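See below for the structure under consideration.
Lettered A, B, C, D and E in written order, each chain numbered from 1.
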């Protein structure tokens, strides 16, 4: 279980997260929403350890991360699909996926079949360099790559961005399937309201670095949330 | 690298100009008005030394223009500096006239004893100062233009560009080492006598050369400010940071780079020309790649992209070299090496970084306050039911 | 005084320590030693010994040598060889000619004829008998005469070769005689050639000489050409020899072309070795590593230290000194690399240009450190036996050291390609250098990978230093002389592309060697640089550019 | 359709990478003043097509004419931009070290000559225009912020703003609403419709609600060629489109 | 305490490319100064060494020279190795009226009032070496050098000298290489070819510094033995050989005015002191060290003679001073500021030393202006009054420009 407690984050003098608290449980999808620039990505970075936090703490399975670097968090079961894809451009698709093997026990050093079931295009492009893929293909690769790590907490930053509708549906199904398995906590940042609503067990809405609204799926009031997401 | 606001750059640069002008006049006064032995006297040796530092500073400034603002990491700027120096050196050689050891009125000594029978064509005209002065700018400028035209047009960038600039200066070094080139080979050009009819060893001439260098540096700074602050400068930085993107909005990237590159090379040439009479020798060693790298390092030490930083870096490193080679002849490389390492690790924006940084942080805090205020205003408006975007949208769409 | 030991002329390396020295001494005396032990015979020479020492009156020395050779005494050859090797000295105390033998740090006087020990020597107790090159030539000649019928076929062959080189009419008879009883086929061929060469110098009848011409021409090398050239002076032989000369010259020209390619490849592999570490630290990691040359230097100094230790303590291991130095150089340079990475470079990722500044500073520090520890002067790194000399491959003369370097460069390159392309570690290196933050997010221990990668690049530079110590100065400036070429090679081949570095290095080497004969070394180098600059205009991303979006993104 | 009346004319354009055909004999014509939505599966070649039009990629075969006469395959990127073609990239790219305001200023429609920029200053009208654009993209409050400090979505907006400032005859907009909230998406659609009144626009998007809002002719690309063309309703009904793209 | 000491400047590169050669000269100077002080100093004062590092950077040489003369006010400077560094400091010494002792063999064609040339001029090294080889029957010549002024000039002189001696054009091959040249495969193979015509061939090498080690290694590897094609070098001494395994080089030659192997009591003492001073039994001595030894002793004598360290007085007192050299004779300072020296030819031995095989019967005075260069032939140098000129033209009867302004 992930517990974010009163986390602050600064970029220089800019205060990007203000005492943010959030909880993600295994078998649940937590959906994070908010307009551009409110701090959603910053929160994921904080959880993953990509950016140091300036206050509060982030606790995973009862132990605070402290200042541990991303690779330690990854080895403790976190994986992330970052905004902007961050594909290794000169590695082939296959190699991009294999980067996920680091620190895994040898038995797990193979690419799970789900990846290719979900994204058949990847299997046909194993030897193409990641950087050559189209935007949507890269996004698929980014998700696949995170799945290789068999995470216990999956951080998804706008995973549907640039992906064709039919695959968005599949990604939705996949997230649903992963949730059903019950051993994985999922933190999903999503702008696309319907997609978010269909998946979320709990949700949070951010505004200017703060969480201004949160609750369970039942409490998701479309109008209020939409109001918060309106420009 | 983050860019420092042009206004800030300008303020620092103007300050530097003031210090340079006042400082150099004071030094000259102390040199000329007091006799050696007087505690107030500044020795001529120091004046020439300062002159040398300032010539190096001009070279550093020229590098900062192309590297700091044009994004071209040049590892061959020493070539332009040396070419300017050779142009001046050739003038100074011709001024020797028949006072050379063989008393040959036309040929420099090194040509005499290697049995040259006439002055090579490219030596003609250098007996005239105006011609030599023109060549000081023209030769490096032209080489830079041709080199840059080829390279930028072919979109040679990054380390590829850096390394071929290094290859360029290396090739020139080997060429100038060759005695057949007619530039005195390894020994280069030395033993100058007069400049513009004044003895090069006279105290007054040295003071004048020093002042000329300070002045050239001030003019260089003014030119740099103008370039950097203009919209050309903004476009240049855009080209530096995202070359491809700039092309897609219609900027001819190669022209921007070529202009700054050529201007910078000419500036380096002037620096070389001022350097030579003050140190008394120009030889192919000036083309050595290590020299060019060192010059880049002055800029990095001072702070890349800060204009003033390049000057501070050049003067500081060279002063350090002068001081340490005398004070700790066996250890100075440790000191200098450590300085470079420490500056990079601790002062990512060079020595000037903290100064700019302080002011920058203040600016940022103000900015954040402003942003919050306007964001708050916007949400207040939204709550009040006015949709500010509607009007904006309409305007945006209508405007052409 | 220098504690260097005398060397036998059959071994071109200095031999170190007592054990080796004895072996050398035995070799010196062994060949005809069986008979030389016959004291009586040898004593015949004793009165002639004094004829060897004439100060700088070399004509007198020559006469003395001829007198000794004229005895035909079996002890003469080893005695003269000792003279040639500079091991015969005059003991100042009694003006006696002694053979000086070094054991460890001490010199001993030995009777040159009996091998009897005559006591220890101090540094200035003896004067070496002066000889010069003419005397050396003379000794070679007379020793050849003396050993043409020695027991060891190798020695007979050497003698015949010597006679081939210094062909003279006087040798015809001895050669004929030796040939008559020669049963080793190889030696026979050599003797026949030597005989033919000698016949050409003698006043033999024209038919015989014409026949000899053919034999000589069949050898087909420069020496043969020289003999044929000489023969053209003889009107009767002129026509045939001119014909033969043309044939030989054609052949030589072809070989010269091949030789140039070989020179180019071997220069190329030196470039490759020098550049290959940089291909990792700069090419793969993007660190503008100005301290790369100093890593090479560290490797070379490691070799020096290893050899020093071996010389002092385990002289018998000298032949293996490079093999011992290799892993050590890798470790030394690699650890220094890791240290640099951990203390400096790691703060600079994402600021590649600043690595230039820091590594420049580091290179200054390393140079000066070495200067302080080892001094500013060159240090001697010896070539082990198997790295010395050359062998003949058809008309190609291939030096062992160059060949070893070519093979070594290929092996290092191959291993590195395997490591980077085929192993998990290689994949992690590439992932980290392409996107450090994302690599970390994928669970890759980036600090570890960074340090090991930099260490690997540095270590490879270090082992390059072991190889380069064999052909270049070992001095604090060593690194500086390779850094520019290394960067050129890496960039020419395409940054981040190992194969590019490989092809780039070899093609620059060959290009250089083909330009050099026409343009001269200086202009040749300038031309290569200009060609590189122009080439980059055509291919702004090197020989094998990365194409497509991936490269731009 | 005659060559001269069309603003953009692609005929038989093929692009292959190591044998893989990203565009396969693609032909398309766009009239002056038209707005066209392009959809299609990931990897269909939409971005590649824009690359060809803007000079980033040279087609292996085929012709691309702009404004009837200008052969775009012969021009480089800057020349094409100066012909009046502007582009928003799929992955936002802005001048990170410049402020938001300067980013817009750099994109303003004006001579790109370095000598002109050396001596000219921004006119009052130009400044007003920048203000307008900033308002439109709702980044006025961040105008002095360095672009590097923007969030992903804010950069998207800035790119749109730069395209507006550039005011080209033909706008190529690659996935403008990725990462935007639903209401922002709707706003963007309105903005584009407004612009299309006076400009020619090509929009690539995967957001069907957005495409519906645009209410223009839709071209579906698949494996580098046109699969289907027509209104959104028309193409959505096409089973092939459903199979390869929309899903069931 | 400043007034109690006489400062002596040491201007040798301690870093950069020349450190390899020059560091030793700094050390030997420190030793000589220490010895002099042990003997009671000079004029009742202790000598104080001022060491600076011009870092193989030629303009820095000028700057450091200026610093030594005008800031540290040294009485004399011992320094420089390369010609260019000397050329760089020459105007400084003339302007500030300092004294420089230059200890390295050089190309000649210079005579400054303020410089004393204690190394060999071409007639004290190159020409005797060629004479010796001719004597040994050499008919074909390779003049191989690093491409800079010293080899260029020396080879020009030698070429003229060889031609004057009847050597045909096609029997001379001239080859230049860049500084630090390290790949000698082609050139060595070319030399091999050039030498395979049957005529006895020799290489006259003016290859500088670092390039020598790879050159000799390649010679050895390609099997060129001294008995086939001997190489006579003017820049290779004991110190250069210390970096090479000399076994395959035995018999190659060098021409110098001093070898460590010279067997005289003076040399024995010098070597002993040196090994003591430097604390390393493996160090060697070489010719430029001897030049500094001579130069320093000459300066000491001249100062004693003048009774002051005042430059003008010392410069005048220098001429005619004679001090023992290390090869058993006396070297004297000539009016042209060059000295008299014996010329020795040595063959490399397997212990890295040279065996002396030939020696000029007497001392050879250094000639500033070569007789084998047309424009230089009429020039003579004599710094004694009344001529006081470094380049007096015997044809025009005038003193050239430099001498006039050098005053």
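Here is the rule we use: a residue touches a chain if its C-beta (ideal position, glycine included) is under 8 Å from a C-beta of that chain, and two chains touch if they have at least 3 such contacts.
To keep track of the chains, here are their UniProt names: A, D = Urea transport system ATP-binding protein; B, C = Urea transport system permease protein.
This is a predicted model, so every value here is computed, not measured.
S.K.: Between chain A and chain C, how many steps is the shortest route if every step has to go to a touching chain?
M.R.: Minimum step count, chain A to chain C: 1.
S.K.: Using the touch definition from the top, what's the fewest steps needed to get from chain D to chain E?
M.R.: Between chain D and chain E, the shortest chain-hopping route counts 2.
S.K.: Average the CA atoms of each chain to get its centre, and name the chain whose centre is farthest from that of chain A.
M.R.: E
S.K.: Measuring from the mean of all protein Cα atoms shown, which chain centre lies nearest?
M.R.: B
S.K.: Please identify the chain with the largest separation between its CA centroid and the CA centroid of chain C.
M.R.: Using the mean of the C-alpha atoms as each chain's centre, the farthest one from chain C is D.
S.K.: Find the geometric centre of each of chain A and chain B from their Cα atoms only, then give the gap between the two centres in Å, rounded to an integer.
M.R.: Going by mean C-alpha positions, chain A sits 49 Å from chain B.
S.K.: Just give me the whole-number Å value for how far the CA centre of chain C lies from that of chain E.
M.R.: Here the centre of chain E sits 30 Å away from the centre of chain C.
S.K.: I'd like to verify one number: the distance from the centre of chain B to the centre of chain D, where each centre is the average of its C-alpha atoms, in whole angstrom.
M.R.: 42
S.K.: Which chain E residues reach two or more other chains?
M.R.: Touching at least two other chains: 14-15, 147, 176, 178.
S.K.: For chain C, jot down the residues that touch at least 2 other chains.
M.R.: 367-368, 480, 522, 525, 548, 552
S.K.: Would you please write down the residue numbers of chain D that are in contact with two or more other chains?
M.R.: 17, 138, 187
S.K.: Along chain B, where are the residues that touch chain D in the complex?
M.R.: 1-3, 227, 230-232, 234-235, 237-238, 241-242, 244-253, 255-256, 259, 367, 370-371, 374-375, 378, 388-389, 391-400
S.K.: Report the residues of chain B in contact with chain A in the complex, numbered from low to high.
M.R.: Residues 361, 364-365, 368, 375, 389 of chain B touch chain A in their complex.
S.K.: Using the touch rule from the top, collect the residues of chain B that touch chain C in their complex.
M.R.: Per the touch definition, chain B meets chain C at residues 1, 73, 147, 150-151, 154-157, 159-160, 163-164, 166-168, 170-171, 174-175, 177-178, 244, 289-290, 293-294, 296-297, 300-301, 304, 330-331, 333-334, 336-341, 343-345, 348.
S.K.: If we count contacts the way the header does, which residues on chain E are in touch with chain C in the complex?
M.R.: So the residues of chain E in touch with chain C come to 14-17, 19-24, 136, 147, 175-178, 180-183, 185-187, 189-190, 192-193, 196-198, 210, 213-214, 217-218, 220-223, 226-228, 230, 239-240, 242-245, 247-248, 250-251, 263, 268, 281-282, 284, 347, 349-353, 355-359.
S.K.: Where on chain A does chain C make contact in their complex?
M.R.: For this pair, the touching residues of chain A are 48, 50, 69-71, 74-75, 79-80, 82, 86, 88-91, 95, 98-104, 129-132, 145, 149.
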